[in-house]
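Encoded as structure tokens, the structure appears first; notes follow it.
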Amino acid sequence: MTKTMRRWQITAAGRENLKLIDAIIPTPGPGEILIKVAAVSLNYRDKLLIDAGFGLPNPMKEPFVPMSDLSGAVVAIGDGVTRFAEGDRVISTFIPDWIEGDGPGTARHPNGRTLGGPVAGVLAEYVILSEEWAVRGPDRLSHIEASTLPCAGLTAWTALVERGNLKAGQKVVVLGTGGVSLFGLQIALLHGAEVIVVSGDDDKLTKAKKLGAQYGINRKNVDWVETVYAITNDHGADHILETIGGAHLDKSLNAAAVTGRITLIGIFDGFSVSGSFLPLAVKRLVVEGVQVGHRKALEDLVKAYDLSDTKPIIEALYKMEDLNVALDHLDRGPFGKIVVEVG
Amino acid sequence: MTKTMRRWQITAAGRENLKLIDAIIPTPGPGEILIKVAAVSLNYRDKLLIDAGFGLPNPMKEPFVPMSDLSGAVVAIGDGVTRFAEGDRVISTFIPDWIEGDGPGTARHPNGRTLGGPVAGVLAEYVILSEEWAVRGPDRLSHIEASTLPCAGLTAWTALVERGNLKAGQKVVVLGTGGVSLFGLQIALLHGAEVIVVSGDDDKLTKAKKLGAQYGINRKNVDWVETVYAITNDHGADHILETIGGAHLDKSLNAAAVTGRITLIGIFDGFSVSGSFLPLAVKRLVVEGVQVGHRKALEDLVKAYDLSDTKPIIEALYKMEDLNVALDHLDRGPFGKIVVEVG
Amino acid sequence: MTKTMRRWQITAAGRENLKLIDAIIPTPGPGEILIKVAAVSLNYRDKLLIDAGFGLPNPMKEPFVPMSDLSGAVVAIGDGVTRFAEGDRVISTFIPDWIEGDGPGTARHPNGRTLGGPVAGVLAEYVILSEEWAVRGPDRLSHIEASTLPCAGLTAWTALVERGNLKAGQKVVVLGTGGVSLFGLQIALLHGAEVIVVSGDDDKLTKAKKLGAQYGINRKNVDWVETVYAITNDHGADHILETIGGAHLDKSLNAAAVTGRITLIGIFDGFSVSGSFLPLAVKRLVVEGVQVGHRKALEDLVKAYDLSDTKPIIEALYKMEDLNVALDHLDRGPFGKIVVEVG
Amino acid sequence: MTKTMRRWQITAAGRENLKLIDAIIPTPGPGEILIKVAAVSLNYRDKLLIDAGFGLPNPMKEPFVPMSDLSGAVVAIGDGVTRFAEGDRVISTFIPDWIEGDGPGTARHPNGRTLGGPVAGVLAEYVILSEEWAVRGPDRLSHIEASTLPCAGLTAWTALVERGNLKAGQKVVVLGTGGVSLFGLQIALLHGAEVIVVSGDDDKLTKAKKLGAQYGINRKNVDWVETVYAITNDHGADHILETIGGAHLDKSLNAAAVTGRITLIGIFDGFSVSGSFLPLAVKRLVVEGVQVGHRKALEDLVKAYDLSDTKPIIEALYKMEDLNVALDHLDRGPFGKIVVEVG
């Protein structure tokens, strides 16, 4: 094992403050594991966080490692570790202290502790995590693919499966084709559901159909709500992944089936969602927030992918030193995930 | 049985178009029951409907009987009726065709068929209903009290119990002291929960505490959300009956506990609800619409009141001919329900 | 339309009392539909009922039409029918009056009204049903395939999906390879789950694997519970379709995962199920009875098959006049369903 | 603080091997709390465990502290403790590692780690627990009352509320008048439900009615199932706490309402439960095992009692040195709980 490693850190909001530095490889303490990182996937919230400091201690008092989602291998374990052994493939959990059930937090102090801010992140060649903050990685996915599960994959799973009890034959509307949306598409198909992708880009709709979406609607050409009515024989959508928010929620309220579920997904910090009361009441809709998900649900997601030939959609792969190019790509709204290959 | 009866009807939006007329007492057809009405309770939506024609066929082609909630006795049954016999006490169901489960309706055509508009209402001395549109009345309540269950009582029950799985020890925030809110208060207490009433009127708060509410918050004097934090030791509210809507939803989002439920109640037709995304996500809140409730839930509600000494709160009782005075009272925002005694 | 039709009827328990007769084609009354039957599938309970009169009025006072599951086309409708039009493909509902939710029945008088006993059955060229007792048939299945959904298909769906909230990656144990078991296999695969089939017949296990089962265990060669532990890495089975009953339940209790669900399926009339208390408690298991399912769940099942390339497994097809040969085949324990082609 | 304390220990199965000894008061390590015990309640399983070594390492290699349920005060905390401070009232959790959700364990190795066997128990003047193995005690209960919540109280809560979603107006059958049964009675009443107690002892039935049970049935005098039908107007019991097990389950299956829940409670180790299949299927019953409950549910139970005037039922109170007299009392089947006052 080399004694030093490369690690990205940021000292203040703004991409110009991102630095790739050399650091000492740390040693795991009691209950901790040392992970040799193979891949780190990027999320839109990482971009917001780097650009605007969202969620980070402000002003940042010390250098901070960005990003939350890693796949790698355990290379050393601390005293008392029982969940993992050296050589185990692992992926990180986005919210460190949420094992299952309702998890920590109160109304006044909701749990905002997530990897990559305010808890130290993972964009480094080696990372120390509590053994409780990782789960065994999927056998059938590469590190690059596996690194996309902890945030984007789990968010879609929590919305549709853990909370939504998705079943075969249901109608799922996916808005857009970002990371969570494409996981929503795949997870819906894994459960035998029908997927309607709504996008403003015909190329992306074509790609989504190649992934198995039964329908694609270009919202620039048609009223997507009316088209959902037509496709579903007036039934509407049983589940909607609402990734746009704001006043767009109103369209989702209209598109939803009786007792349909709309999950709000994304980073709308500081922005409202709004919608008409009438469809909410008369169709008895559920509008629900989702905060990625708990560790047990991540383990369930790993099991689901390990039974399937489905692979997470990677739009682009970057080298560790090319983080800024990767972030530029993220700015452009990729089809699926962007992953940084580490080491 | 007399051959004629008195019946209110309306021929166009506007209270001036309400008429108390004499009509022939009808005869029940197959599957129908004839009810001698004893009491009819008023709902805020009746007022909107009378004043503005909300939900009614427009223009009204024929005279229409207003109001939805009756308590009375079966005095004749049609062929094939099996659910009731002469002499049975009954109350009406607000939504005629919803027995249990998800019920009728689609995304494009949600089920808006409710008694008192567009389906003919019940403010008459005798009313014909399908036997499927009534349930056995509660033994321990008077007709006057029983008449308040079909809409206001059932709405609170559906929100807190049928959908909310309310349990002892939970914290319930009730906004205001109208019919649904006071039923929410009573139903929460029946289940051993803690009730926090938020109102702008100290007199009403005093009355609510006499009914058993553990806490009353005058929202004009203090920040009610902060007070909920303080009362619940930061936990927040497990259930909120959001009767205000609009931008006020945002306060409820902040007051809600982790995984708390906010039920939207009232008539906000044409108005939006809006709120910040962040508390929805980070606390994984559920915001849900409610459309009164199904027949089986109404039967459950009757059972609950029949086991309890709790009586629905009646603010005022009016004679049938004094409907306009009753509606004026409704305008002023009563504490609990207003009931018209019939016959 | 011909004026007469062929119809099977039975006048007393015993196959010798089955008669194929000519009868007048009936005319649908108000709310009824006349169906030209294309296929009728057989269930094990039909055999018990024909052989021993199980569930039938005893002594049978009048000729009785056996069998419950049809697929056909509407050829005439009665007054007031709104759910169907002439030409619509339909399948029957096994339990006539159960639309959704909990349905009819009490503790003292559970609902035992099912087609084919005590309600008149469907093995005839033309059948009259209430429009409420049928659902639109699946577009992607033939009549022969569709006829297998109302009882066997729906039973597996209710167990795994409607009640079980099956999700991708879960482990499902299917005991045997009869009609319900193979539907369980297919429905589990439709939802991305892992299927372990337990049988005493290697040929049937080979066939089950061809249908997609990931594992087959010959219970005559190995301890199937231990093998389930081994396959699932000690996790156990999240869902078990327990089709054997009696003392065998004990094995299922041991094979089940923590919080696993065991659904009791089959006709064990007069027989007990029994098992050890300890695994029930320490793993907090759910043992649940299933009574086929409600109409809305049948509609959901149709949607699921209409989205999929999966086809119900038909072991053999018989002509209407060969009912006795079909029943003999049923005696031998087929792999999947036996269907009678009608007309 | 004295340097030594009294502590019960057992070195082998058999009451004669119980010894009250002097021991050094331990010092809490990191993450641990030292509790000055005020009261310890006894459970039937403690008796089985002492008499027969059930669940204990066999042969016991070292002295073992019996009993699981304490109420006391924190008198010292170890490094890193955040959940409690000195002076806090606490009660113990029966299953140490189950915070919420499904908790630990697999099909092959269910989680059997409980206080008082095989994990060291609490019948001592001072006890060390991980801070994760305790919850804040109820403000409105004495230590003696509070000590009954961790096992008996939580078992009834888990059955009826956490798993059963009990609601006002439902019918609850409680078999017997032991600790769990009387908690079932109280918790059902707290939620506005109707309680029917079935016992073979008229005196106990009289006492149960004084506690609020609406009905008592002496099963020696009448067929209790028929009486439940009569009381509930044929509806049956929505929830049954089945504390007898064995073939008696069959009676509960018959007494249960459509979709009713039967929770198996007690120590039936080595014994089967058995029952007829037919009522299970046709009423779609749920038979469920319960393993006390998780920590979050215990916190919920504390909240419920803290909102209520209800006090746990204590049949008798013994001094620490009189453990054997207390166990003799337990042998006789008390009405409610037996508690040992400590220190």
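Which chain is which? They are A, B, C and D, in the order written, and residues in each are numbered from 1.
Following the convention adopted for this analysis, a contact is a pair of C-beta atoms (placed from the backbone, for glycine too) under 8 Å apart; a residue touches a chain by one contact, two chains touch by 3 or more.
Quantities reported herein were computed from a predicted structural model and do not represent experimental measurements.
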item: Which of B-C and B-D has more C-beta pairs touching across its chains; value: B-D
item: Distance from chain D to chain B - Cα centre to Cα centre, in angstrom; value: 40
item: Multi-chain contact sites of chain D, meaning residues that touch two or more partners; value: 102
item: Chain-level touch network, classified as line, ring, star, complete or other; value: complete
item: Touching residues (chain side chain D, partner chain C) in the complex; value: 102-103, 105-112, 228-229, 232, 234-237, 245, 250, 254-260, 264, 266, 268-291
item: Complex contacts: residues of chain A adjacent to chain D; value: 99-102, 294, 296
item: Partner chain C, residues of chain A touching it in the complex; value: 161, 165-170, 187, 190-194, 214, 300-308
